[in-house]
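You will see two complexes here that share subunit A, one where it goes with subunit B and one where it goes with subunit C.
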Partner chain A sequence: MDLNFHAQLLLNGIVIGVIYALIAMGLSLIFGVLEIVNFAHGEFYMLGAMFAYFLTANWGVGYWPTVLIVTGVAISLGYVLYEALLVSLRGENFERSILLTLGLSMVLQNGAVFLFTTTPKMTATGLSYSNIIVGELRLPLARLFALGLGLAAFAALYLVLYHTRVGKAMRGVAQNRDAALMVGIDPRAVSRLAVAIGIGLSGLAGAVLAPVYAVHPLMGFSFVFKAFAIIIIGGLGSISGAAIAALMLGVLESLVGGFLPLVMVDALAFISMIAVLLLRPQGLFGRGVRV
Partner chain B sequence: MFKMRLTFGAAAFAVLACTAFAQAQTGPIIIGASTPLTGGVAHFGQHARWGAELAIAEANAKGGALGRKIEIDFQDNRCNPAEAVKSVTLMLSEKKYAAIFDGLCSSVALAIMPLVERAGVPFIVANASATSIAERSGVGGNKWTFKVNPTDASMLDALVGWLDKEGKAANIAFLGEDTDFGRAGSSGLEAALKKRNQKLTMVDFFQKGTADFTPVLTKIKAKKPALLALYAIDADFQNTIRQWYSLGGGIPLTGRVLVDQVPKEIMASGFLDGTTSVQPYDPSLDTPANKIFVETFTKKYNVAPMLISFESYETINILIDAIRRSGNASPAAIRDALATTRYRSILGTLLEFDANNLIHNNAIIFAIKGGKVVIIGMSKT
Partner chain C sequence: MNPPRTASGMNAVPLRALAVLAGLMALFAIPKLTGNDYLLALGVSFAALSVLSGGLNLVYGYTGLLSFAQVGFFGIGSYTAALLVTERDWSLWAGVAAGGGLATVVGLVIGYSSLRLSRHAFAIVSLSFALLCMIVARDWVSLTRGAMGIPGLPTPTLSLPGGIRWRIAQPADFYYLLLGFVVFAHAVIYLVVTSRLGRAMRAIKLNEPLAQSHGINPLAYKLLAIALSALLAGMVGGLFVFYLTIVDPSIFDFYYTETMLIMVIIGGPGSFWGVLLSSAVLTALPDLLRFTTDLRMVLYGAVLIAAMLLCPGGLGGWLHRRRVARWRQPRPAPRS
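What follows is the complex of A and B.
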């Protein structure tokens, strides 16, 4: 096992970590503002990938327009989802929110099976079969773009949350909804925006990852539970915590997978989650303050 | 007065019982089926259903069996043994099914076997390939289970025999799904190699539904095996192949590679040249019966048949043949008729069950040369 082998594992791990972060950040944002665990989050990722597949394969839309269209549609879907289903939910309706989002997940997943069948679809864009090769290291172009877009999404979200009035309002609602209302912030508008951004991020993840992974109705399932573990490890509601935990998990999984049987890799996220819950219940980067 | 009521009641009961008996003898013959209609391998379950339904539609167009219509009732098992046990137990408790068809996944078929044995209903396996199904059937103990498709062990023995002749049986790595299908592939390959004083260089398994294979593929690439035996299906197969390509694997594949499902860009690039595979069927096989089957299937479902659809079609035809010869469509009579099957396969071979209730049809050995799949031989399993 030479240096190239370790470097390739590390590179793979960073890409996997950013992919996880892309999915986990939206989940964390929605939880941070609304205190709702969105069990349907993986399904929005799947719908984003499915929509990207149809845009590229059936309508010949290019990669970048596809990413923009899918993200835009996902943001709109987030607005509709909030106004139609989530508007009446608060943190104290935790059980209701679980049942509602779990039910929505089942409807979306089975609806996709009915409409698109379970046949795996491969999105073939110009990027799908191109690689960047440096020495013996290889990085597929589609993964490199996923990496770039993931980092850009994190930077954009960070800027919005910490350097805009809207972001300040979101953090205000997350910390104390009633106090935010008293100082003139509209919690409903802020929550709606948080859901729209959260679902938009999962749609973006779907569009970006459609050329990387096989697209099928069950693809969200494998990621969403890992994303839950990640946001718990990072600290519930902490966007930066979720992103860092995702990156750490991706690298850890890749390094462990390079030496130990692959079946053990899937357990890593949950072993880490249990360890964090035992040693630091608020999560690695949780400070008791969300978003 | 009481005596009159009793007589009337007894007469009514007798009429009802006769009607039910008559209906059981004249109503449709129902086959119960358990297959994954949702879940990770639902795509294959759909093809299994199409193949079975085509065979039944053709049989019904010719008058059914014993003058009765044939029906098939599909229950979803999600490729999950627990789901299959639940639905098949329910089907068997209704006592209206003449036979139980398939399960698709090896773990599911193995879970159904004790149920049909207790209920005394024939179980005919079309797609599940685990060797242990045949080992436990017929003289192996379970008299009610019949397996039409070849076992992994027999197919891999044929493949490894060919690889050995070509001097390519040394230094093979194995990657397969962590199910009875993958495990049977690993043990079948180990056994076939052991007969030739060889062994697998490395063995690894993955959970079904895994999206990212880059860690294990990087590990395999670093070990530099001569061939990689791959036991993956559906989305897992697509993800593995694409990621193997993007990592520049540079090592041909072997085992039960789904050569017909390799993305055309990867196939045409010549990246997989040198790959060998063994499968029980290929739609391009040049036999008159296969041409008719492919044409009829494609016309009906707007999609070409695959291995799963072929196996289901042929298995249901074998079952219908047994029902017709059984005389009364009772489970025991169907089982006895299945045991004496002599059926001409679409592949041209005459099929009979052996002492383990297993049919030995031909297996097809494929290779990828110059970015194209070519059949390089057929071998009895």
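What follows is the complex of A and C.
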């Protein structure tokens, strides 16, 4: 019983960690390439979950088509977002980029509240209640799918970044924008792609979490706050750092939540962030301060 | 502030002082002229929001640090004052001072830990801090009584010099109290931004390495700006909750942050009068137009996006550009 309890906590922690990672990696990718902190990132996660809810609950679309459609729409939204709003921004007007994306977040979040109200919506598919039973452990299928899809997205992102020319270009722009421009990389195309991938990951996270948690318009906001803490802990702009920090935070939160009061769970991300800033300001996996 | 150049500019300073004096007299006369409680309520919210946006302007507009922590300081001041007055029977003055003091200390800790990395880290940490405050207020039930908040705050009595005891019960009393604090807070901010301190802050915002090479220690000035804004926000929070008579976790609502950001952006970051004016207009306007809060925030968000794309300097920046353009206009050469 006790062992099962721990294993269950661990599994929940890994699932939530993978979802944190999907969001934080996108945020980190966008920061690395564009030097923009995207405050509206959580809203795309929320929109992804909302859209997934409406697809499954109202129009009876199945699980897999829903995930594909939502991710596709999110990627297109990323393109539109870059071309419509972010294209005029550069790293030096950092505050402007924050305020711009904050404005976007306000519009999306409050627009969603106005349209859908704050009542939480639960996607009740057959998937929500099915479990795989291994020994005495109950593994909810929806969580397992979320885990699998998250890991698949990791793998895909890794392949794109490290084994394709466009991924190399993206890393090049993140390392040194001017040098990348000099060797003939178009920063605009690369930035556009980075935003599209980042928003796509966020939408995917929303779609896979919709059957696990309740969906409501304010869900993105609390999530993105943790994602910010994660990218600071992992090192600003370091994508693998963000992924590792996200997994660690998810597992830690889940374990802490099993034994300590709730306030500790939510404070954990912030306390870890402050501790990292004091002890190792460049982040756990950062390669020195880059501004 | 650039020195006045033209003949009309020579009169500008006394004229401005007269205008400020007249405006203040009008504001203080409002409760005498009308018993309209709604107008007084608007005045009280203006007082709170203008102190918050004035502090944000000091940190963001003058020093160039985007901060989301103001609402956290505001709430910390509110909770501290409310708890000390209700649980420990402190006087309002002492409670408010303690609230401001605690907010200042917290501000210094956050500023020191995150500014070692970068301005970017400060922005993110300040945001997380503000959200953490709300979570702690909601979940640390044994101290803050959780989501229920602390209702029924007593009517405060202030001991004024000269043995007068002023019982602050009527909306008009709160209006006077907060308006007095607004004058004090803005006077402090004005003194800072027009002095050597303010020039150093602006230099840091414009070019930090250059300012540093002139012997300015950026970290000290940044911390000063953060500490001062935290102090004022904490104190106004402590006063404001006794008007509300309740403090609950919604005092940390992100709505306050968004509102004060809009006020600073529209008024023009780094423009003292611009931000003061936009605080007044933006407190009154949405209330008079009777927008629902959701739609108001959608509108604010859209305004924020538009301002960032089209006119990042806000009202103050626009006026400044016009003034510069006027100076640059060729004048007819004097005949010899």
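Observations, loosely collected:
Heads up, the rule we're going with is that the second predicted complex is superposed on the first by the 286 of 291 C-alpha atoms of A that agree within 3 Å, B and C clash if a C-alpha of one lies under 4 Å from a C-alpha of the other, contacts with A are read in each partner's own complex, and residues count from 1 in each chain.
One rule holds for everything that comes next: a contact is a pair of C-beta atoms (placed from the backbone, for glycine too) under 8 Å apart; a residue touches a chain by one contact, two chains touch by 3 or more.
Keep in mind the model is a prediction, meaning the values are calculated, not measured.
Applying the stated clash criterion after superposition on subunit A shows that subunit B and subunit C collide. With both structures placed on the common chain, the touch criterion links A:Trp59 to neither subunit B nor subunit C.
In the superposition on chain A, contact of A:Asn110 is made with both subunit B and subunit C. When both complexes are overlaid on chain A, the residue A:Ile16 reaches subunit B alone and has no touch with subunit C.
By the touch criterion defined above, A:Ile98 reaches subunit C but does not reach subunit B. Of the two partner chains, subunit B is the only one that A:Asn131 touches; subunit C does not reach it. In the superposition on chain A, contact of A:Asp266 is made with both subunit B and subunit C. Looking at the shared chain after the overlay, A:Glu253 reaches subunit B, while subunit C stays out of its contact range. In the superposition on chain A, contact is made by A:Leu85 with subunit C only, not with subunit B. In the superposition on chain A, contact is made by A:Phe221 with both subunit B and subunit C.
It is stretch 147-155 of subunit C, out of 93-101, 147-155 or 183-191, that runs into subunit B when the two complexes are superposed. Within subunit A, the residues touching subunit B in one complex and subunit C in the other are 110, 113, 221-222, 261-263, 266. Residue ranges on subunit B touching subunit A, taken from their complex, read 38-43, 46, 178, 204-207, 209-216, 218-219, 222, 234-235, 238-239, 242, 245-248, 263, 265-266, 269.
Interface residues of subunit A facing subunit B in the complex, by the touch rule stated above, are 1-2, 5, 8-9, 12-13, 15-16, 19, 110, 113, 117-120, 122, 124, 128-129, 131, 133, 138, 140, 143, 213-214, 216, 218-219, 221-223, 253-259, 261-263, 265-266.
Those residues of subunit C lying in contact with subunit A across their complex are 60, 64, 66, 113-114, 116-121, 123-125, 127-129, 131-132, 135-136, 139-140, 254, 258, 261, 265, 292, 294-295, 297-298, 300-305, 308-309, 312. By the touch rule above, subunit A contacts subunit C in their complex via residues 37, 85, 88, 93-96, 98-100, 102-111, 113-114, 221-222, 225, 228-229, 232, 236, 261-263, 266-267, 269-270, 273-274, 277-278, 281-282, 289, 291.
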